[in-house]
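Note that the chains are named A, B, C and D in the order they appear, and that numbering of residues resets to 1 at the start of each chain.
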Amino acid sequence: MHRIPVGVLGASGYAGRELCALIARHPRFELSFATANERRGERARLGGAAVRFIAHDDAPLSSAEMIFAALPHGASAVWVERVLGAGARAVDLSSDLRPGNGNGTAPYGLTEFARPKLRDATVVANPGCYPTAILMAVLPLAKRGLIAPGATINASAASGVTGAGLTPRTDLLFGEVTEDFRAYAIANSHRHLAEMRTVLADSGADADLIFTPHLLPVARGILATITVPITETLADPLAPYREEFDGEPFVEVDAEAPSLRDVVRRNVVRISARHVAGVRQPTLLVLSAIDNLVKGAAGQAIQNANVVLGLDEPMGLPA
Amino acid sequence: MHRIPVGVLGASGYAGRELCALIARHPRFELSFATANERRGERARLGGAAVRFIAHDDAPLSSAEMIFAALPHGASAVWVERVLGAGARAVDLSSDLRPGNGNGTAPYGLTEFARPKLRDATVVANPGCYPTAILMAVLPLAKRGLIAPGATINASAASGVTGAGLTPRTDLLFGEVTEDFRAYAIANSHRHLAEMRTVLADSGADADLIFTPHLLPVARGILATITVPITETLADPLAPYREEFDGEPFVEVDAEAPSLRDVVRRNVVRISARHVAGVRQPTLLVLSAIDNLVKGAAGQAIQNANVVLGLDEPMGLPA
Amino acid sequence: MHRIPVGVLGASGYAGRELCALIARHPRFELSFATANERRGERARLGGAAVRFIAHDDAPLSSAEMIFAALPHGASAVWVERVLGAGARAVDLSSDLRPGNGNGTAPYGLTEFARPKLRDATVVANPGCYPTAILMAVLPLAKRGLIAPGATINASAASGVTGAGLTPRTDLLFGEVTEDFRAYAIANSHRHLAEMRTVLADSGADADLIFTPHLLPVARGILATITVPITETLADPLAPYREEFDGEPFVEVDAEAPSLRDVVRRNVVRISARHVAGVRQPTLLVLSAIDNLVKGAAGQAIQNANVVLGLDEPMGLPA
Amino acid sequence: MHRIPVGVLGASGYAGRELCALIARHPRFELSFATANERRGERARLGGAAVRFIAHDDAPLSSAEMIFAALPHGASAVWVERVLGAGARAVDLSSDLRPGNGNGTAPYGLTEFARPKLRDATVVANPGCYPTAILMAVLPLAKRGLIAPGATINASAASGVTGAGLTPRTDLLFGEVTEDFRAYAIANSHRHLAEMRTVLADSGADADLIFTPHLLPVARGILATITVPITETLADPLAPYREEFDGEPFVEVDAEAPSLRDVVRRNVVRISARHVAGVRQPTLLVLSAIDNLVKGAAGQAIQNANVVLGLDEPMGLPA
């Protein structure tokens, strides 16, 4: 069967590596090129696939039908323009085109909520890892008008270190991270906040959001612990999720609290919810777990590309 | 100089081990006995001290002036009675005598807030590890009337696995915990909640509390990430803490967010606070870190014993 | 296409879990039953497969064509007898039937060296994890007469904690293993030694073996660091391996030293070799890495079953 | 009591940090200066001490009586010259002046074997971390003529990542090291080998040495697993060690195999030894554990400085 040529811009970081590995296992994709300026000329083995990095400028953009851009934030938008100019389509994993950041013309690829806009799109803004974990947990409540008006949603989330990328930094050395845990970008200073707030506002919810990310001594995974003040106690706190995600191949709704090891190396969001006991304001505790590199980045990008290209959505993805 | 004979009931668990190690380094304490029913007769080296475990029933209670009880919750209260009957004093590390659990007659040993009641006390209820981290962060606001009436305080906290004790459990094996992270006792079902709520109510605050503990893949340390709706934006969010803890040897107030490695193996609480940006309700984000076995258990127990016995409060403690 | 019914005796340990997960992904196997005495009646999700444990005694042995026994050492041989009596075949993952332990009638399933004896065998003794890593590195030299007569082969190996099983033990708790490293079963006291020595002697090598296992703070993987005194310096130290393993789907011979992360979750042995510089006795340093639960246990068991049943050898295995 | 002014050249790396922390706790030392070119002007808190880094060139060398040089290998020798020219003494933690590297005029500070040469020395070559662990285990045998002539000593050792320093390197990021284990500098290519061989040869042993270092996913600690062919089976394999190290405050000889957690944060070497069973050549398995940053670097440097300055040798050191 015909294989669809795809390219990866920025293939040497964690998301780029994961993309190449997923592409190698995808039954309909074929890797045309993988770029990495600092490692141009090097060969690497990514998830079983042998890859030779070329410079970004040497990428034969028009040879590919779909190009995944896993470039640093700020450096990506210009490359998406070039991709479109070359007649290819793009899934952009940076924040450049996301709600609250870009001009809002690219559909936002939180796949389960975005399918109609994704079909035949030429470019998709792939969501950030934290926004994926948090919005999948909050949007079903927002869509149903269950969030108490004027409420403050509180999302405390923790991510494995691959979320910070492969760039060498002293504070991310093993000797500095092992046996440690810390919050960062505190008091609502994280780059992902504008993305989440914009999507939340667009959903019609009248709610503020507090977001506190933490750095975990693990390689992969995000767990978001979210409290949502709600309008009324629900008969079944899982009902909004079971209803919203019925039949979804990449969402698992479960009464048991999710753990990172339930989701690592899989393209899934795992969600649980309970009423908080002993507080006056009816409140839902929602827990949401993803692999930051799969459903939080490369996996969702492939999922989006599958939709854009009219392929089976779960094709080539580990569920 | 005369050494004060002290004993440890339940010396083979993590808190008991830490107590023996701290006692060995204490310039005025001398270990009279250390009990551990299941390991009776065994010898161990705890923090440089050679210890021989005896059965609880063989403990010469009256030979000690001060006895630390690090027995399982539920099993401790009866031993405290025996200790008092033998004419010794007790610091009880279990939850048996704590606010919301016991009958409230034993002073609650959150040392920095408890000194007047501790002096010459015969028994002290040593606080839980999570309550220590969280109450040290919340009480300074409560005492100053800064917590918004009717507010919901949200405490998301993560603890190293020594918090779960040394009992063999499949789910605490290294192979199950490494690279994982999960919430537990969710939706306000943790045993420590009654303790925190009672103390909070006694402080005069009209506030609810949501508490979500998590299990971290580290050995030691608790980080609490707390949001507190406040009555008004403060000129300096650290001011209540600097004021409350001025001159305290075991509290560090700092503009920089604390991390576990700032506090492990030390008898300190490290606290930071900031206003949350971009939310309508003025809210403080307070971060608080302790070593769960030191300031959250054995260290604070020694600190309390020092006060009870009229010794210098910091004696023998790692700051 | 017809699916072959297979069963797992002892499905709740690490090897049993891995077997169930691999069986669920195997295109020709179908799980008939999975036993676990202590968890009988419980349901579990193993690698995407939903499994309900039954008691060993309730296993419908005759309903399966192939049964994998992942029972404790000493408890397995009697079950293998029952399996054979019920007309099924068995791959035994315990040490009961292995060289140096059993009566030597079951072929030893170090697959790459055992194929002729495996075809149509009724029972296979699946190799231990350490022996797999070490013998794959040593046998190619032994078969070629390259080991210096009377030599002492020195194998220092380190294993992730899943090698010690899922039984709760205080010394395997996360809090005890993290940030630690230690040797165990030292001075040639490990159970696997008889297995390795017997196979080595059968290969014709006149050599002694020193084996020192270590416990690593990782979940999975074994790295063996082996020095072999050899008869002469080789033109290419990798040549014996390239020759022996040419075309093998599950052996990777590489000039670069292997690391655990090259092999985890894969059914491969990765081997590298170099001449040791600056010593009088020509000596080869051979490094060998496997995933102890895959190529060192469940993966190799499936590989052996594939050969026994006349299926494609790599079927269903992650390479 | 008079405090002795000491300085640290290269204070921002792991060894330099540890030096500053130990100096802060030393009852007779007082930190005159701490240099760190890239962080000049910054303030840091090292082990409770507040330190302000200055440039190397700004160091008031003559203000200190003793200067610790923790500079990169190759950059240190010139600074030692300047220190001596300024009338101060030096303990050099780099390899520049060590046996097999320098001109051999500086005494080699393996303290327990070097005291006569250390007293009143002006400069000391502080041993490497691996050489400390290995030579402490081998020299007692060499001195007693117990090593079989022509033997090959085999040292397989594993180190925590702080041994690789604080320089940002992609391969030392947490995400790359966690759950991994690998050998490096294999086949006798490690820089420390010349140091060990020279000292071994000087001891009179006629033996070759194979040294294979490994990178452990832990922050601190070295475990060396050493096999030594010996002339005859000993009545007590620990006897040479008990004899050699009788009364030593920083050497622990024990029948039980040492583990990293026995030694981390302590200035000790812990040694165990056993006869290897089932091999023709009488062979001793010796296990040796240290904290690479304490007894393997900063701690031993302080120990040496204490001897040079005529202070009590254990002063200020954690045993």
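Heads up, the rule we're going with is that a residue touches a chain if its C-beta (ideal position, glycine included) is under 8 Å from a C-beta of that chain, and two chains touch if they have at least 3 such contacts.
Not measured: the values here are computed from a predicted model.
The chain with its CA mean position farthest from that of chain B is C. In terms of C-beta pairs in contact, the better-connected of the chain pairs B-D and A-B is A-B. Centre-to-centre, using mean CA coordinates, chain B is 37 Å away from chain D.
A straight line joining the Cα centres of chain A and chain B is 38 Å long.
Shared interface positions of chain D, defined as residues touching 2 or more other chains, are 160, 176, 178-179, 217-220.
Within the complex formed with chain D, the residues of chain B that make contact are 48, 178-179, 319. Of all the residues in chain D, the ones that touch chain A in their complex are 14, 160-162, 166-170, 172-179, 217-220. Partner chain C is touched in their complex by these residues of chain D: 150, 152, 154, 156, 158, 160, 176, 178-184, 186-189, 193, 197, 208-210, 212, 214, 216-221, 223, 225, 227, 229, 257-261, 264, 274-281, 283, 285, 287.
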